[in-house]
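What follows is chain A paired twice: with chain B in the first complex and chain C in the second.
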Partner chain A sequence: MSELTSTFSVLAQLAALTAGLFLLTAFGMVAMRQVLASLNLFVWQSVFLAASAFLLGIQHASIHLYAVAAITLVTKTVLIPWLLRRTISQEIYARREISQVLNIPSSLLISVALAIFAYFVSTPLLGVSGEPLVKLNLPIGIAGLLLGAYVVMVRREAVPQVIGILSMENGAFFAGVAIAPDLPLIAELAAAFDVLIIALVMGLLTRRIHERVGTTAVGQMASLKEE
Partner chain B sequence: MANRIIFNVIQVLAVMALSPLVKGVLNRLKEIIQSKRGPSIFQPYRDLWKLFHKDEVISEQSSWIFRVTPYVVFVTPIFVALLIPVLTGYPLFFAFMGDMLGGGFILALGGFFATLAAVDTANPYGPMGASRTRMVGFLAEPVFMIVFFTVSFVAGSTIPYIVQKHWVTPLANFFEPSHVLLMLAFFMLIIAEAGRIPVDNPSGHFELAMIDESKGLEYSGRGAALMKWGGSMKFFVLLCIFLNVLVAPWGLARGETLGEVLWAIPLVLVKIFIFILILAAVESSFAKLRLFRITEFLGAAFITSVGAMIIRLLEM
Partner chain C sequence: MELIYILIIPALAAGLSLIPGKKKFAPAVTLLGTLIILVFSWATAVHTSRGEEMVALRNWVSCDSLAALVLLLVAFVGFTAAIFSWGYIEKIVGPDDPGKIRRYYARYNLFLLSMLAVPILSQVALVWIAIELTTLLSVFLVSFENTPEALEAAWKYVVLTCMGAAFALLGVLILYWGMSISGKGPFTWQGLVDASSSISPVLLKAAFLFILVGFGTKAGLVPLHTWLPDAHSQAPSPVCALLSGVETTTVLYAILRLLPILKGAPSIQVETWFIVFGLLSVGVAAFLLIQVKDYKRLFAFSTVEHMGIILVAAGLGSSAAQYGATFQMVSHALSKSFCFFAAGSTLLAVRSRDISAVRGLIRTSPVAAVALLLGGLAIAGAPPFAVFLSEISILKAGLASGQYLTTGLLAVFIVIAFCGILFPINRMVFGNPGEPSGNRVLGATSVITLVLAAIPILLFGLYIPEPLHELLRLAAVSLGR
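On to the complex of A and B.
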C-alpha cells in the first residue's frame, strides 16, 4: 500500500482529495436540516465534481473532460441553483427545518453503512480497470448515488427531494467521468441539459403543488391512502 | 541521554509557561472580531497570579476528592506533554513511555477527577455540568478512537513521533483524502473537547447554559488557579497533538542542540497563532448549538472520521 501511495503524484492526490470532499458533501446532504444549506451543499458537490473532471482532464490530457468540467460548473453551480431559487417560492426557504422520516444521527449511521456497501459493490468492477483514480472514484460515485437516493427516501419535503435526485445524478456522473473519460462530448452535453430540464420541470411542479395545496410537505400525502 | 531529559523538561516548561498566553490571545482575538478592544493578552497570567494570592474556601461537606482534583487536573497535561512532540521532531527521553492511547487515558483521568469533584460538593450546577460533559465526552470518544486507529494504522505505529513523519514524506501524502478528513474530524473533536463555541461557550456567565465551566465554580484561591491553568494546558496539549502530529510537523527542532530546541518555541507559537486565527473565525461565525444538537455535531465528526477510514482501508 505504501509503495502505491508514494508513486501517486501530487495531482493524483488532489484528485483523491476532491473525491474525499465529494463524499463528505454527500454525507452532509443527509445531515443538513435547512433547505438552503442543502442547496449550498449541492453547489459545493458540483464544484468538487467539476474539479475532479478537470483534474482527470489534466491526467488524460483530454479536452472532453475540460468541457465536462466547464459544463458542470455552468449548469450545476449557476443555472440549477438559480432556477430552483426562482421557481420555488420563498416560503420554503423561510421554513428552517426539514422534517425527516428518521432522525439525523440514525440517518448518518445508515449513510455510513451505505457508503461501505458502495465499496463492496464496486469491488468486482474494479478489476476491469487498473487505474488508481478509477479505483478511488468509482466507489465514491456509487456512494454518492446511494446517498442521494437515501435523501430522496427519507425527506418529507419536495424541494430537498429534488436536491437529492440532482445529487444522485452527480454521483453517477462522478463515477462515469472516471470510468469512461473518452465519452463523446455530445453525451455529456445531453446529460447536462437533461438535468437542467429535470430541475426546471420539478421546480415548476413543486411550485404548482405549493400553489394548489399550500404546502410541499409530501409526507402528508400518506393521509390520501385508503385503509 | 542527559540532553534528552533536559529537552523533555524544557518541553514541559514551555507548555506550562505558554498555555495561558494562548488563551489570552484567543480571547483578545475574539473581542477584536466583535469590534471591542478586549483585555490584554497577558490577562490570564494576571488572573492566575491573583488567584494564587487569594484565600481558599473549601466546603466542610466535601471529601478528599475535591481537594485532590486541582492537582490531578494540573498534573495530567504535564504528563502528556512528556509523551508528545511539542518542540522536537525526534523522540525524547520519555517518548516511549506511552503512546497516543496512553496520552488519551491520562487526559481522560483529569476529566474524570474534575467530574467527580463537581458532583462532590452537591452544588446544583456542578453535577449538571458534569453530566453534560460526560455526554459530550462519550459522543466524542468514538470519533477519537477512529481517528486514532486510522492514524496509527496508516503510520504503522501508535507513537506520535513516528506518526507525524508519515503525512509529509513525501509532501503528496499531505493531500491524501483520508488525511484531510481526519484533520477535519480532529478539529471538530478539539472544539468539543475544549468546549469552544458550536458546542459550549467558554466565556458565558449563565450557569444553566454552561457545560464545561460549571464544574469549576466551587473552587477558589489556589484550587481555582490550578484548575484554570490545567485547563489551558490541556488545550495547549491538544493543539500540539493536532498541529505537530496531524497537520503540520514543520518547524520542530531537528538537531540536538539547545539553540535549535529553543528556536522551535517561536515557530510552534506561530503555528498555534495561525490555528487560533482559524478557531476565532469559526467561533465568531457560529452560534452555540442547543444541547441535544451536539449529538448531530459530533455525529458529523464521526461520519467524517469514518469516511477517512473507509477511503483509506477500502480503497485498495
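On to the complex of A and C.
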C-alpha cells in the first residue's frame, strides 16, 4: 500500500479523477437529448478544466495557473451561461429533444472510436516529456476537441452547435494547461475574452436566425449549395 | 510608433462611427481613418523594404518585410473598400435607417482592426486570437443584409472557422510546448525560427498539422472550403472585397510563417503538404468554377483557386518560387478586391446575382461592364495584368527547379479556371440582351473606387517599382530559411 501511495501521489490521483470526469462530460454532451442538459454539462466540464489547472498549479507551485483556473471559472461557468441565457433563453429552456443526424447509441460508439484515436494521435508526442500530468491531459484534451467537433457535426440545431464549439475550446485548453503552463497571462486573458465573444456573437446570430427564419434547425438550412 | 497608431486609429474610428448625428459622419470618419492607416502602412513598408525591421514594442508589436507586405495590402483594400462603402451601403440600406449605417461602419472598423493586428503582432498566441477575431468581428458584416441566405452563410462561416480555430489553438499550444522544452526564447515567429532546430520534430509536425487544418479551414483550402463561397457571396460587396481579398491572405500569412520554422526538420516534408493541399484546392476550385450560376460566387471560388496557387508556390521551395508566392499574394489581393467592386457595381445596376439574368451589360451599364471585364481578365490571369506576371513567375520557377508534374498540373488547372471565369463574364458583358435590364448610373464613389483599384493591377502587370520589388524579395527570403 505504501508503495502505491509513493508512485501515485494524492495529487496525481486527483488529477486522474478530474481528467476522467472531463472525458465523461465530453461523452455526456454527445449523449444528451436536451439543450439545458448540454449547457449544464458544459458548465461542469469547465469546472473540471479549472480544477485541472488548479491541481497543476499546486504541482508546479505556480500562481499563474491559479489565475488561469480563476479566469476559467469566471468566464465559462458564470459569464457564458449568463450570456447564452440572456440572448437565447427560449431556445435553452425549450424542452424538446435535440434532433441529430445519427442516433445516440451509434454516436456513442463513434465517440469511443474518436477517444481511442485521440490516444493514438498523442502517443508519439508523449515521448518528449516525462511529466505524468502531460501524459494524462494531452490525450484527454485531444479527445475533448474531437468529441466537440463531432457534436457540432451531428447536431442540427444552433445552440447545441455553439456548445460543441465551446467544448472544443475546452478540450484544447485542457491539453494547454498541461503542455503550456506558463503561457503569458495576457494571452490567457485574451483567449478568455475571445471565448466570451464567440458565445455572444453566436448567441446573437442564433436569435437573429430565429427571428428571421423562424427556426434554429441550422442543419436544415440549405439554400446555398452547388447544383 | 506608426504600428501603435495603426492599431489605435480603427478602434477610435469604430467608436466615433457610432455617434448619432450627420448622416455622412460615420463614412467620413472611416474614410479618413483608413487613409491615415494607409499612409502609416506605406511608411512601414518603405522602412522594411530597406531590410530593417519596424519595431514598436520588441517581441510584441513589430513588422518585418513579409508582415509589412500583408499590412500594406490590408490597408490598401481597407481604404478602397471604405470609399466603395460610401455609396454602396447607403443604396442597399435606404435613407430611413441611419442607425444601421452607423453600425455597419463601427463593425467595418473593428474588422479592419483585427486584420491589421494579424501581421503587426509578433506573439504567436496573440496572432491566433487576432485571426479568431477576424471571424467573430465580420460575422455580422456577412449577415448584414439579413436575408435568410445571408444568415445561413454567416452561420456556416462562424461555425466552421471557429471549429478550425480550436484545432489551430491546440497547434499553437503544442508549438509553445516545444519552445518551453527546448529552453527559453520569446514565443514569436522569429523566436520560433531561431529555436526550431532544438524543438523535437514530432512536436513540430503535430503543431503544423493542427495549424494547417485549423487555419486552412479559414483560408478556404479544399476540402474545408465549403463555407467560403457562401460567406464571400452573401456579404455586401465592399465586405466581400475585404473577406476575399485580404482576410484570406492574412490567414495564409500565418500558415506561410510556419514554413521557415519547419524547414529545419526535413522529415516533416512541409513542402509536400503545401503542394498536395494547394494543388487539390486549385484543381477542385477550377472544376467548381465551371458550374457556378452566381457571379459573386464565381469570384469566391476563384479565391479558393488563388489560395491554392500561393500554397503551391510556397511549396515549390526555390527562392524564385517564393518570390512568386509573395507576388501572387499581392496581385491576388489587389485584383480580387477590384473584382468584387466590379461585381458590386453590376449588382447595383441590375439587382440580380444570377449570371443568366445579366446579358449585354455593355449597353445598359457600360462602366460596370468594363469593370467586370477588366476584373475577369485580371483575376483569370490574362496579360497585361499583375496576376499574369505572378503566375508566369511561379510556373517558370517550378520548371526551373525541375518539378514538372506539379508545374504541369498547376498550369492545366489555371487554364481551366481561366475559361471558367471568362466564359460567363463574356456572356454577361457582350451577350444579347433579351430585355434591357436596369439602366442605372453608377455613383461617383463607385467609379472612383474602380479607377483607384485598377491602377495597381495594371501598373504591376507592366512593371514593378524598385521598392516593391525589394519588399517582395525580402519577404520571399523570410519564407526561406
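The rule is simple: the second predicted complex is superposed on the first by the 211 of 227 C-alpha atoms of A that agree within 3 Å, B and C clash if a C-alpha of one lies under 4 Å from a C-alpha of the other, contacts with A are read in each partner's own complex, and residues count from 1 in each chain.
In this text, a contact is a pair of C-beta atoms (placed from the backbone, for glycine too) under 8 Å apart; a residue touches a chain by one contact, two chains touch by 3 or more.
Because the structure is a prediction, the values reported are computed rather than measured.
Once chain A is used to superpose the two complexes, chain B occupies space next to chain C without a clash.
Look at A:Ala16: by the touch rule set out above, it reaches chain B but stays clear of chain C. Of the two partner chains placed by the overlay, only chain B lies in contact with A:Leu24; chain C stays clear of it.
Touching more residues of chain A than its counterpart among chain B and chain C is C.
Contacts of A:Pro139 after superposition on the shared chain: chain B is touched, whereas chain C is not.
In the superposition on chain A, contact is made by A:Leu108 with chain B only, not with chain C. When the two complexes are overlaid on their common chain A, residue A:Ile116 makes contact with chain B while staying clear of chain C. Between chain B and chain C the least C-alpha distance in the superposed model amounts to 18 Å. By the touch criterion stated above, chain B contacts chain A in their complex at residues 170-178, 180-181, 184, 295-296, 299-300, 302-304, 306-308, 310-311, 314-316. Remark: chain A residues 1, 4-6, 8-10, 12-14, 16-17, 19-21, 23-24, 27-28, 31, 104-105, 108, 111-112, 115-116, 119-120, 135-136, 139-140 touch chain B in the complex.
Put simply, chain A touches chain C in their complex at residues 121, 124-125, 127-129, 141-142, 145, 148-149, 152, 158, 161, 165, 168-169, 171-173, 175-176, 179-180, 182-184, 186-187, 190-191, 194, 197-198, 201-202, 204-205, 208-209, 212-213, 218, 221-224, 226-227.
On the chain C side of its complex with chain A, the touching residues are 123, 125-126, 129, 132-133, 136, 139-140, 143, 146-149, 151-156, 158-159, 162-163, 166-167, 169-170, 173-174, 176-178, 180-181, 187, 200, 202-203, 206, 229-230, 234, 288, 291-293.
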